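One chain, chain A, appears in both complexes that follow, with chain B as partner in the first and chain C in the second.
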Partner chain A sequence: MNRGLWNRETVAAILIAAYLPMALFWLWLEGTDALARLGFTALVIAVWHLVFMLTRAQAPSLAAVTAAFAIAMLAPEDLGIFRLALGISFGVVMGELVFGGWGRNVVHPATVALSFLGYGFPTAAWPVLDAPIAWAAIPAALIGMATGVMPAQVIAGAVLVAGGAAAAGLLGEPALLAGGIVLVLLVADPVTSAITLPGRWINGALYAALLTLFATGWAGAAPIQIAVAAALLTSLAAPLLDEAVLALWVAQRRRRHGRT
Partner chain B sequence: MPQVPSYWSTLTTPLIRQNPVTLQILGICSALAVTTSLVTALTMSVSLTVVLTLAAGLVSVIRRHIPDTIRLIVQIVIVASLVIVIDQILQAYFAEISRALSVYVGLITTNCLVLGRTEAYARHHPPLPAMVDAFGNGLGYSLILIVIGGLRELLGKGQLLGAQVLPLADAGGWFTPLSLMLLAPSAFFLLGLLVWAVRSLYPAQIEQPEYAPAQLKSPAE
Partner chain C sequence: MRGGCCAQQALAHVIGGQMQILGSGTGLNPDFPSPPVTPGIQDVVTEEAAVAAPEGSELKVTTLVKEGDPVAQGAAVACLRHAPDVCFVAPFAGRVARISLLAGKKLSEIVLFREASDAVETHDVTGTKTDAGLRHLMQSAGLWPLLRRRPFGGLPYPSEKPAAIVVMATDTRPFAPDPQIALEGREDDFARGLAALAQLTEGPVLVCQQADAPVLAPPKGDNKFRCVTCGPRHPQGLAGLPIHQLFPAGLDAPVWDIHAEDTAALGALLKTGVLPMTRLVSIAGQALREAQLLRTHPGADLRQLTQRIVLPGPHLLMTGSPLDGHPARWLAPRDRQVTALPRETAQNRPHWFIAALTRSAGKTPAIPTAALTQSFGAGLPAIPFLHALSAGDDETALSLGILSLLEEDVALADYVLSENGQITAQLRAMLDRIKTEFAA
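What follows is the complex of A and B.
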């Protein structure tokens, strides 16, 4: 305990606890099928964590469970074991482990895996998640925000913009439900979202804006697919948002004090 | 005086150890754009190797007569003339491939790899070593292009050089094409994996990290 209670694994454990309401509703509605998918995904990710621990001495992380949960829930259906394993391996290795493990990654491994599966096998059908799961995302987000493991500004920014778009009639119910689930699972991630406060507001708003844009302009795309694509672009933009906010802050200080 | 390297080592070091694409990340614009199939990758490799070798020879022959102030213009004029010749030959004899390559043959003119070799090597060496070095670098570039082009065509369509190698699931086989491989990002992934592999083989090529994370004080053990 020489570094305090709040280390990386505590954050991962609280994140898992926050996802529990969604996980319970999802398992309850989808049954043993979902449980098998979750187990298989977790197994593949665990193998890769083990490989990187043995070859590079990278400590494995509980965050593997959150990634496994997001992939198992959102991945396209009827891919077959081999292709699913390929997508998971790509996402976990290229999205997270080569950068040095959870906490140093730029994009969420689940986002990478889902995008890989989505663009690599465009014929596979995306899952349709029922409304109760989307409603369970609200307590998940509340637990995450209350304990501080999910950036509240990101969620607030996204809810504001998405609410405005829904009120204007631009965002239909399916896209809204899928967007909410993906917001909690992939976008409001403590590692890959923006880190500065204004950057976080913009991060959330950007996600909702992209979601609205894709929902109105991308013909023939499934709601989950739209949300995952928006999440991928948002997480790629997050470092840029931070950089811009920091540059503005430095410029402001220089104007006020004559130096940084 | 440093020992003059042999022709053999001048030719072979740029193949893998000092490969211009994986070590200096030069010429990747065309490497990414033309590698959707093996045929275009091969054509591009041959075109670039020919242009690079001839340009290095020409620049080397007149290296004592090029005024320093306008040397880049002179080099680009030489490279561009050769590229135009190659482009015309492709259009005349391989019209279909020429269409598939579109502007990328023309863009050999601005390929950093060509200008880098003529500027850094051919300007300071006699014609024969210059041409051997250019040929080796052309072969190194070709190697990367052929590996990436082959992988992308094989995984994206199950074909090699247009012939079906892996039986497709649609036609009763087992292979489901990974259509991501035909999109541009996959070339980045493959090139990244290739660079990773080469740098694992030669750890001296690993770049120093720009930032080091603050070291936590570990407890006395």
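What follows is the complex of A and C.
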């Protein structure tokens, strides 16, 4: 039979392809240490996917690779293997797998894992990512937007507001770079961002606004920590934005046509 | 009726004669392999034909003929049991070969053999100036099955007054024949048919057409006709999106749709008393040596139509387009396309381990992508709609406008997500559930 190709696994594969520029720059700059972290993270996630496949017949997804990449890149350093594994497990199981796997989750598993690690072990230092990685986020976003697997409106909304804040001097360069990386890795996820068109613009703008708020008002926080916190709050707000937009859309149709 | 009145005002206000429903670039044109079309249009009347119920509908009928009876072209062979005015007619003059009914006298198919005879049923066209007379003519001449109602699909009820009628002078399905060619030289019939349709409704008659191939000039002054310009990409050329955008169907506001060629047939019926049976049909698909455009009749034998042009090897004949067609032996009453595809054989099934990983598990969810948004022409919130469908959330689906949609409108989303008919089946199940709920 004839079939299209936009099923869950193809979308996950295209997302991985979009992240490749960032991954290559990151591995090139950080070396074997980063590769080991990525491998370990992927292993822990794979084990949990296997467990859920065997116990709940939940098909494993290639999206695990994108989550592994985001966690390995952004997780606090020097946690030790046990605490890192605990954080990854919490994020992947509670953030994604218990909801039924990728596509049914409310928050990005990497966002949950990173928040868990960040708030659970506040003494661990957040990584400082070099500028080339942030620049590599631009082609990643372009690939994602051109193929339609990343919501272009989310990225555009965030870029507009963050650009305005930077021009007003509210957003410094470190927060801007970390914000850009987290925007591409966590916020522009097709599943956990808003799914209606106006909702997506607000979603992106909200992320950038929270980023600016935390950057100006949260003393002593690392740039990545700020961005991850903003991403967590944004993805929690996304369903609310969608609900409001849909209610407005339905009300407008009802006013125009007398029925829906 | 306040709602209907508001809708009319809004329609007249927003649009003023000519309107565009969506951005011209929205939608998708999926590319299916098919050999090039052989130029020229020939007339084909097949040796066998069947009068069959439209796919998915269950119609209780009374047969009006017996096996072995001779029938004239356009003669009624069956009528609806609870609405004896609505008839199904023979597409050519011949003999009844086989009548097969399902349990409960539901129509399966009535097969006819063609015979060399030019007997044609002529209908009395006096009295069609009145609504009742026009309806009676359309129902008894076999034009009724060419109409379709929304919500829920199927034949319109015999005495139902539509809130609006949509005439489709465009078709964006892959390989669909161009309605413009079908209407060539039949402009008078088309205009007469449109006028008759306007007589059936108190609401507007929306004529959907392409910007570069108009069949109706934007009407001047205040009349019932509205031109709707549809974009070139699927699914903009289906009736579902214009209805959803401009005049949503409701439980007490049915909207009918009819193809422009059938409207011209109605015009010819009103003039001559004889319903023209031929229609423009395209034959395409991967399993063919050449694609063709021809004029044939409803219920035509797909095997005979494709016999000389199909490639060797197992193949599957479908009535309808590659997106929303059904495997069948006969051309369905409203279809204008025949698709021949290679039959899936054991070699191209996936490896058993891949199948175990992907198929035995629960269904994987749809991921929001630009492709999915475009598969509804960006005209409605695609993801919330699909979520409501898969979760069985009737209320949300109703508020998102499911009553304006039918299977063919979600077929593209089904294709894009490579769901193999899941979404179509979910939509049908939900429509059936809503129907029984509100009928009670």
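Operating definition for what follows: the second predicted complex is superposed on the first by the 257 of 260 C-alpha atoms of A that agree within 3 Å, B and C clash if a C-alpha of one lies under 4 Å from a C-alpha of the other, contacts with A are read in each partner's own complex, and residues count from 1 in each chain.
One rule holds in what follows: a residue touches a chain if its C-beta (ideal position, glycine included) is under 8 Å from a C-beta of that chain, and two chains touch if they have at least 3 such contacts.
This is a predicted model, so every value here is computed, not measured.
Visitor: With the two complexes superposed on chain A, say which partner A:Pro127 touches: chain B (first), chain C (second), both, or neither.
Guide: neither
Visitor: Quick one: is A:Pro139 in contact with chain B, with chain C, with both, or with neither? Answer first, second, both or neither.
Guide: In the superposition, A:Pro139 touches no partner, neither chain B nor chain C.
Visitor: Contacts for A:Tyr119 in the overlay, against chain B (first) and chain C (second): which applies, first, second, both or neither?
Guide: In the superposition, A:Tyr119 contacts chain B only.
Visitor: Touching A:Met53, do we find chain B (first), chain C (second), both, or neither?
Guide: Touch status of A:Met53: second partner only.
Visitor: Looking only at chain A, is it chain B or chain C that touches more of its residues?
Guide: If we count touched residues of chain A for both partners, the winner is C.
Visitor: What is the contact status of A:Pro239 with respect to chain B (first) and chain C (second): first, second, both, or neither?
Guide: After superposing on A, A:Pro239 lies clear of both chain B and chain C.
Visitor: Looking at the overlay, what does A:Pro198 touch: chain B (first), chain C (second), both, or neither?
Guide: neither
Visitor: Return the residues of chain A at which the contacts from chain B and from chain C coincide.
Guide: 2-3
Visitor: Would you tell me which residues of chain A are touching chain C in their complex?
Guide: Spelled out, the residues of chain A in touch with chain C are 1-9, 11-12, 53, 57-61, 100-104, 147-149, 151-152, 190-191, 195-197, 242, 246, 249-250, 253, 255-260.
Visitor: Please name which positions on chain A make contact with chain B in the complex.
Guide: Touching chain B: residues 2-3, 83, 94, 98, 116, 119-122 of chain A.
Visitor: Going by the contact rule set out above, which residues of chain C touch chain A in the complex?
Guide: That would be residues 2-7, 10, 14, 30, 32, 247-248, 250, 253, 322, 341, 344, 357-358, 360-362, 364-372, 378, 381, 383-384, 398-401, 415-420 of chain C.
Visitor: Hey, which residues of chain B end up touching chain A in the complex?
Guide: Listed in rising order, the residues are 176, 178-181, 183, 189, 192, 196, 216, 219.
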